[in-house]
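Could you have a look at this structure, given as structure tokens, before my questions?
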């Protein structure tokens, strides 16, 4: 039985090989991913029983999306089959001064048309302790936000922990709409997770003295963001990923955790990027894993940041990395020496 | 200035490499194609000035679709940019007893949302002699059918020849709806083109004694189909492709032309298939080329069938083949000997 | 809970791309497969709950082997982790007069070192109705044969049906040894399955008037083989696949079923081969599926032969094909027409 | 009608995938490029109507070279077909301390055999405002230098602006020969462009205190070079690219513009290199675009340097990048953050 | 010490992957081959010590060409390094009615510029028994024909056997020129080898009643060709390959041997073609191997035809096949059954 | 005749393309390599006649391993054919904080089962001056250590120089066993080579103040290691590679040579890593080459370090690099500028 349940979208991801641009490419690498699916995959790799819930069309693309999760043990038994299409996104990997680009083609998908009646959350949550979703899911439509709300309510009823990665997507909704919808969901959330811009874009809570397009972060500024989030919504914990965008090829990466009392800052990694998509999700998974295991604040944030630092080196949305590998990095072995 | 104008959809075509199934593939070959785009490409290869008209989103996918046509000289200057997405289709190549499969994801595309006011056909048709469309285009929606109608009316006003490949697509509309819409368009059409089942599916005109799933065709039965089409709609000419589906790997291929008086039957080819998508379009292009060049009936149908026989050996929707190559086959050299 | 349990080896399969020879190749396509694993995969595709049991090393190769099965729903929860290596086989695809070649590197694998005490068959078989193994498994070593024996005994104790694909492998044992070991296992077997040479190689029961290297089969000769098998071991049913090896590129394919009273002969397919590895396993899966569904003899053999005919068109050991697809072919649609 | 015309060579470029060496590679990525072709491609991407003039053999390689330009809108209508072969160059990408290597196989090509009579420059230049060539073209042979001369003379007669990238190639001619030929062409040139060594190799004008093999540049030294060039040839403007060769994997990149009065220095970029071939050409295109748009000196050099900094991240000779993308970088966003 | 010496050209062979056309391909598979190099490679595979003599440029392409032969044991120690370029040929694989195409780019190569003084044949031939060349070599230029002549004269002086594959190439010379040059070389030749059209194209000796573009051969007609060749030039033996060009995908293949007295006809193979380039060379190698081994006429021609039948199934010019594999086919096993 | 002889293992190396993990890969790049084979390959590239001795199975994998060496001139004439399998290792390339991983599957290989009687070292060493082996070879088993011992004894008898790369492999033996076996072999060794941890792992000689997992090295500490090695075993020279493991993507690289009197320290390179496998072997080859050429200590260590710095940029185990290329880097050109 799944300990963690995540709910959201999963898309076909199409990316040109290597450093090619979409417009010049004659083939696309085909993988699958999406915020909550990525979290589920990562947790399953960490040996946490986890279930991913979504709706997918009954065709080979939907089947392949499910297989990609089942391959590593994610419970897909509550995925609903139906609807017309699976979302697609095109991902072009940047380099140096050329930014990575994403083209979304995710409208009118099966998941975007779901109705609340399709999901029996009491049954889905049987035996589960944790429910996770991201800000992407309610952004798919009012109907999906409604399903999210029911899932949250059911989870709270069952005394489950609820975590939410704010994950603002400007293509899906405006800040105003996001604020309105997310504000109704936050009362059910225990653990809020965000990156360096989510709190501002969703709730208008801005870190002071930071310009994210300039690469450098003012870490202290984010302490105020965390405090304000706790103050406004009463979260049990707030975790923030801290990215320094040095270039499309190299990033600084860290994170902090605030438990309403203390701040825990993780080690900072400087990373040559293979694929940074899904790094936020891998952070969420690392955090959920840590908290389920009862890790203290410092250990938890170190594990979550190490897990997501490793994600930057893995092709695809999924963080194909084991507990042992994360722990080795979290414990300080970043030499990259060949392991024979 | 373009001599021929074609109007319709163009999609991103995604196909697993080699003989892989969609569900097992980790990459898709990415090409572009669509009925009328394929005809335009082929005519351009035959050195006929040709323009393709459609609407595409202003992103890298739309750009790549346009580039694929411009690369070989198709005039794309009247393509409208806008809308949300480019259609996609997944194509899985079959083999032996396993049929090839197509999954369409072509709803809500830029072309499917066009309005008549967006197209100035008088300007588009400047200097043109021929307008070609297929049954796929009006099937995209009543709005697109309306644009088609206006294009046809303008073409007739300008004394252009109008050809239509009936091309029934059961995913886009029912036979009943097709019959209704196509019947209103046929009065403007001079040359009707169809395959072994289009006339039946669109107009209920069935060839006698033929079961297309059994591989073997009763060629004579199609003479009655052609006669009935001419009788009902007053076409100047009717051309029918004749496919014998021996297996997914090997087909018989031929065609006939009826000019209202005489029947012209082309040589039959037995073909080991590389890629049969777009073979009907390559036939249309071969026929248009032949008629523009004033070829007699027998020469015209031989050229059109040879062109489309060759298409079966070319990867992708486009028939990348020159006039000389078609003529060599039409003249009887099918030995496949190495040309040094 | 799994309805069917299969037990045996699964190997990493390395094959040069396309038609390359092993000696000239700079890369190998990497897939996983093995007799009983292939049967499990296929049954899972047919929506039969199925469990595959083996032992695999605790490394990324073992993990990938498990993932390949879990991806499509095979229950891998009773796979034992341990041992030193996963078996490997190199597969070079032949063409025309050049035979396909297999190089096995499967000694000293985890599965070849198992001990009976490692498997709790009562627990493994909980809720199961059917146990399937092939002649490859006992050929891996006397210890593995012993595990097989215990599995058979437990299965019979639980009133499960036991099927065995004789599957003689001359690299693993001699005919003499095979005869000796297999003879001790046959009393537990209800359904025996073999190809055109297994009965001869394992039990010395030869079809009359047939030379398998000449391509042509004397189907009648195999009736005697089936009768003799039933007579000697009291099988409930015997099924035989019938291959005509016309060349490495094209085969005739059929099969027969004998229920101790009547013979049922399936339609014969002529197939352009994509990948024939695992065709016997796909036949076994088709037969098990049919018998679990209570199909009559003719329907059962037609389904099994259609399923395995389709396998010849799929890359890899696994028969990635659905019930619907098999039924369509079994019902006679072998035209290979594009399915849109 | 083309606003800019460029004239020169275009070659088939063959490069091993990834970081492979030519001697170990079993396949070559096949693209097309050449100095003036690259400039034309880039200008077309910037929406400047542009025509590329050359001579290519009438075979599939010549056709593919043309298609590569037509795909993105370059006018190829004045390319002459004939001659025996298309030039080829092999490009091996270096890494770290291993330098990239180029093997040219460009003798006896169609373009190298052209005669002046083949080109009607008055007709070719109809409606054009700008003519661009590089030092490579006259280096192909005295006959080609003569065609260049006639093009320059015609361009000046028509009051067109003429730009020349000095682009010294030691495989094609000696410094002495280059000096002699280029000196006769410079009187027709308005805008001279060079890299950190061209002025020295072609005209013996050396920057003081700089050793280009040591990575570090003395930027001031190049001011004297620019001044001397203006003094000697009366150029309207001189632009110089400034490369710091830190390693084959990472370069510093900048540039300066001198208008005979003021010096404009662009921002310096530190770039992880994907493919640096054609970076000088992308600089020329950026400069021509800027000057055609009437940008001031600082804006012009920033655009040109940003465009060519981006080129280092694009596979192939062509700078597949839009005006908007260049402007975003020129405006200072070099964070490489994912653009969704 | 080499028993056999071959002398001629070796080229870089560039071919689009799979069934792509050259004009649409973005990569080329890169292999090496040439008439006499192919014969040397094949003999080395058959464990005959063999040396290949040519001239290659001192760059990575030349090096790769040499490595391709050395890898399987061909003695390359007498290859001369120098000259400017290695010949290149583009090979596009046909299918069904679309013929395979070759574009040669082999002028001005190192081998085409050799002078007689560069080769010390007495030293090269030390210990050798057999010298082989093809009609391609003297066709490279009068200078190369002169080198060939000296090699032949030296070989005869040393009592070596000389074999020549007539191999007419219309791109290299006219029939008239070929006749003139080859006539001077034939007196030194013991074994003449040709395909179905060489004798006609080089010496005007035509098989009666045969049209090679129609697929079907009149085998008897070639007996007269063989007789006439023996009569005219006094050959010890004449061998002729017999190809029936059914399509680009499927050929009939056989051969005959005439020893001046008796005719030996080999079995006919019907072959699904993977790559037919070099099939003539593999036939020559099979014949040389057989005659060196003292096989009788029937055994010799069966081995040569089986070897070359197998070549049609191997990618590249080289016949990567062992003695044992050829013998198995020559002995009649053409079932293509998997060899485990 | 070979000047240098090396003896040891060669394995099939399977690595996922690009940055993929083994568990997610669907294909493996297939190359061959092993300590002493790599040294032989590199020496052959430096034009030193060299022979590699091993035992390989008589199948296509063994053949491909041999071909990989013969391709670039390594003498393989004393490789023994026989045994059951060729060793395999899986290599997964790391990035940034993710370490590269190697999975060995090298037990029960042909080389691991050799017996002393199989090797006639007097004959093998005919004409040779130098014998090289690594600590991997005796680690394969006591029988192999015995063969090593006999080779060493024979080499000393013939007054050859013997070099040994200590190369500790913890998967093959313990430090205790290594110490015991290697101690018996060291008396025959003239030149000892090691990396930053070998001396400690094999002989317990630890560099002071260095933590190799932290990236930074205390170079001085290694002087004591070298001194102690000379003191303990009487080596003529000791060479040590010095790696700073900054991350899996970037390393510092240098080396030192101690001739019993003086220390020679090479330049330090900072390297973006393409493939670091075999870098120690390329260092050994560079050192052997230098000493055979009589280079002085400083020149020798600079050449060896430059050669192995370059190895980090080459895909595969083999250092595909020429003398000239090494010398250019050793002489200080590390700008990576394109060489045209």
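Points worth noting:
Should a chain be cited, it is by its letter among A, B, C, D, E and F, assigned in written order, with residues numbered from 1 in that chain.
Just so it is clear, a residue touches a chain if its C-beta (ideal position, glycine included) is under 8 Å from a C-beta of that chain, and two chains touch if they have at least 3 such contacts.
Keep in mind that this is a model prediction, so the values were computed, not measured.
Here the chain-to-chain distance from subunit C to subunit D, counted in touching steps, is 2. Farthest from subunit E, judged by the mean position of CA atoms in each chain, is A. C-beta contact counts were set side by side for E-F and C-F; C-F has more.
Centre to centre, using the average C-alpha position, subunit A and subunit B are separated by 44 Å.
A separation of 42 Å divides the Cα centre of subunit B from that of subunit D.
Subunit C has residues 18, 21, 23-24, 26, 67, 101 in contact with two or more other chains.
By the contact rule set out at the top, the touching chain pairs are A-B, A-C, A-D, A-F, B-C, B-D, B-E, C-E, C-F, D-E, D-F, E-F.
Against subunit C, the residues of subunit A that register as touching in their complex are 67-68, 70-73. Listing the residues of subunit B that touch subunit C in their complex gives 18-21, 23-24, 94-102, 104, 169-171, 212-215, 245-250, 276-277.
By the touch criterion stated above, subunit F contacts subunit D in their complex at residues 18, 269, 271-275, 306, 309-310, 312-316, 320-321, 325, 329, 333-340.
In the complex of the two chains, the subunit D residues touching subunit E come out as 14, 17, 21-31, 59-61, 63-64, 67, 84-85, 88, 90, 92, 101, 103, 105, 107-108.
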